[in-house]
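Right, one structure below, let's go through it.
Should a chain be cited, it is by its letter among A, B, C, D, E and F, assigned in written order, with residues numbered from 1 in that chain.
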Amino acid sequence: MSKLSHYDSAGTARMVDISAKNATTRTASAHAFIHMSAEVLAALPNNPKGDPLEVARIAAILAAKRTPELIPLCHQIPLSRVDIEFGIESAGIRVKSFVSCTAGTGAEMEALTAAAVAALTIYDMTKALDKGIVITDLHLLSKSGGKSGDYKREKND
Amino acid sequence: MSKLSHYDSAGTARMVDISAKNATTRTASAHAFIHMSAEVLAALPNNPKGDPLEVARIAAILAAKRTPELIPLCHQIPLSRVDIEFGIESAGIRVKSFVSCTAGTGAEMEALTAAAVAALTIYDMTKALDKGIVITDLHLLSKSGGKSGDYKREKND
Amino acid sequence: MSKLSHYDSAGTARMVDISAKNATTRTASAHAFIHMSAEVLAALPNNPKGDPLEVARIAAILAAKRTPELIPLCHQIPLSRVDIEFGIESAGIRVKSFVSCTAGTGAEMEALTAAAVAALTIYDMTKALDKGIVITDLHLLSKSGGKSGDYKREKND
Amino acid sequence: MSKLSHYDSAGTARMVDISAKNATTRTASAHAFIHMSAEVLAALPNNPKGDPLEVARIAAILAAKRTPELIPLCHQIPLSRVDIEFGIESAGIRVKSFVSCTAGTGAEMEALTAAAVAALTIYDMTKALDKGIVITDLHLLSKSGGKSGDYKREKND
Amino acid sequence: MSKLSHYDSAGTARMVDISAKNATTRTASAHAFIHMSAEVLAALPNNPKGDPLEVARIAAILAAKRTPELIPLCHQIPLSRVDIEFGIESAGIRVKSFVSCTAGTGAEMEALTAAAVAALTIYDMTKALDKGIVITDLHLLSKSGGKSGDYKREKND
Amino acid sequence: MSKLSHYDSAGTARMVDISAKNATTRTASAHAFIHMSAEVLAALPNNPKGDPLEVARIAAILAAKRTPELIPLCHQIPLSRVDIEFGIESAGIRVKSFVSCTAGTGAEMEALTAAAVAALTIYDMTKALDKGIVITDLHLLSKSGGKSGDYKREKND
């Protein structure tokens, strides 16, 4: 099992050196689900404006770009694509994020941060209706590129 | 049922007016759980240094303060306290955040953002071991203060 | 005529002292106009989604909150309201911003920054169609509160 | 006429994928004009210190670097040059910004954001004298590089 | 001797609770010195423009406002004044910062951060001439307000 | 002696053009020392947790990434490594920062900013014990890469 790359022998935090890594094209996709009652779902502006999702989409794109300010040991990687998809289901709202970059390290955290902030923004815009909303299943869906190779989560949601 | 306070009659997003609200003391607490394998948990520096949690703690405190930059319609509220607790359990790591403020609106989103960023940071620092880590049960634990009154989630985690 | 309050006797920049000022409720409203061709206007998703305006609205609300990071000598004032209105006219898009705060200084720059960033965002989202778009008439519409009293621009747009 | 590149078929906002674009050298220049009375112009420290313009210059350079935080769908592009020029004229102050980058997309928004923030900063530093100041003619002057080719605005200011 | 207020019994970092503290007027002043050779000092634009100092002044004012983003356990306090003074001496440049706020905690870190960033900016603008420049004597000069009472450093610089 | 590269003939600030420079691997290391009494040093949690240093380490890594937001004329350079070392000595705490990047300009300011923010954070976490703490000897230790060649400070601390 590989060791925790964020720790050196002394066990202190550091931003690991990726100087020797070539910049290659990488992608990552992440997922989150916002559980909300049918009542709250029904109250979402269900006309074509669909604003809560549009606000969350913009918040997620902006947050993806600021991931290295939020996650201390993340490298600064310029994202070449950020895309957010929402699905309205009977139990709540499903969020999927898709990011791409050409960098020396992957963009998994950017994808996860985008999904998390999208979910938090939807929470913020609906919490007046229900304080019991729960965000769950925040995880990586897939990644490609980089020496650790590709990854695809086996469907279980 | 109260209406979605983020929407005016035209259904467009706005930062709602809290000018008329008095600044009162408010608290909020939020929760997240990071599911990880026993193998990954065992690999966490299990000596008193406990660094992954310390990095996550600092990231969470910083993120709580930047919530209005991340969640578009949040008001800027100065936090008078941010505290993060971690519990290491057999199935993973439990995160609880506690925030206080004296403001015209509550700090639920600050508590939730802190818990989310703590969980994402732990994910970042352990993902080299397991890409299947899942963050779940991100929700409000309790809030106090404000005209909507107090809230306490019935224990179900 | 009052002197330039940003300059002390030595003519060096400073953030002027407002310690002695009481926090009172203040409002400010600003305006901008984005001149674009009928062709570009027609290409705006003219269905109820109206996305370019929704993206601009969110960008403007976020920018208003970050005004003291952008305008060096602005004080940090917590905004109690930010609202953005758009009007689609034959010659382009009109933007109006409305902000409120309870602070020791006014929020004119927050209103102007919101209007400017809304206009820049619309420019960004339509520039693929026309590089000749022009943003004009960026100015204050009105302000209330504070010792300098109220101000209302005589209609000339 | 090219379609709005910020919109996919579903009409939802996204940060468009530039993964396939080569990083090439690009430049962009933008313009803004701050209309102010002769009285306000005369009150500008007209000695060699010229501070209001120096503060605006620094604000503009800093803002250019933060454009992707302000304009939601902008990519993060490292700027290799930012330069701001001011001209004091009888009717007010003319701002010109010049930016360069080596990237997969252009820096028009960085140039426009720099010009806008320079103008807003000058407004902030002179508004004590006149609330009627107007910022106008905020537009692109020229761009070079990229597949959409070069652009030069025909002089009309 | 008072205990380290940033640590609770478990020794983990937290943003200490200041909910119970009244907002009172507080001031803080800090100092830094940039040692540079006579040659570098002579090369500073020694005309009235004095630009390196003006750039540093603006950088310092902006940095003071962002202290809680940089120093993890600092509270967000709105500054009512930030002022920077420079003295050109035979051995280098002396920086003094002066900040005021009305808050439940003091602004010592804001004053120190302003002085540090002013010094770093001067370093940045002169390093082409001499990589041996040293910033020293970064310390608090004085503070007033708050329950810990006033403090004035005995002159020793 | 090279001229001040931040100034053009007109003596106005600008972000110098590095378009023509090739991106090469560069490193920089900086130093700071926090003088504190034996009493304050003894009060530092002297168990393996060593928290004040861990908080400072994270703050320093985050600050290094945000250097171009703090130092106005710095270019945005993606850091490939940030590492912070602390030494506890009889007179105080020694900080050393190590950064690497592949860019068209060096990362000296990133190294210096990291060292400065680490020192300021330690100050913040110990100031309750002693307001007389002094940060000194903030300077470059070494740099490599770039046309100006390598630099190594002769040991004098």
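Miscellaneous remarks
In the analysis below, contacts are C-beta pairs under 8 Å (C-beta built on N, C-alpha and C of every residue); 3 or more make two chains touch, one makes a residue touch a chain.
Just so we're clear, the structure is a prediction, and the values are computed from it rather than from any experiment.
Shared contact partners of chain C and chain E, listed by label, are B, D.
Here the chain-to-chain distance from chain A to chain E, counted in touching steps, is 2. Where touching is counted per the definition, the chains common to chain A and chain F are B, D.
Pairs D-F and C-D differ in how many C-beta pairs touch across them, and the larger number is found at C-D. Averaged Cα coordinates give chain C a centre that lies 37 Å from the centre of chain F. Averaged C-alpha coordinates give centres for chain A and chain C that are 31 Å from one another. For chain E, the set of residues that touch two or more other chains comprises 12-13, 47, 49, 51, 54-55, 58-59, 62, 66, 69, 72-73, 78.
Taken together, the touching pairs give a contact graph of some other shape, not a line, ring, star or complete one. Taken pair by pair, the chains that touch are A-B, A-C, A-D, A-F, B-C, B-E, B-F, C-D, C-E, D-E, D-F, E-F. The touching residues of chain B, when paired with chain A in their complex, are 1-7, 11-13, 39, 43-45, 47, 49, 51-52, 54-55, 58-59, 62-63, 66, 69-74, 108-109, 112-113, 116-117, 119-121, 123-129, 131-140, 143, 151, 153.
By the touch criterion given at the top, residues 25, 54, 57-58, 61-62, 64-66, 78-84, 100-102 of chain F touch chain A in their complex.
Listing the residues of chain E that touch chain D in their complex gives 47-51, 54-55, 58-59, 62.
Across the complex, chain F meets chain D through its residues 8, 12-19, 21, 68-69, 72-73, 75-78, 103-104.
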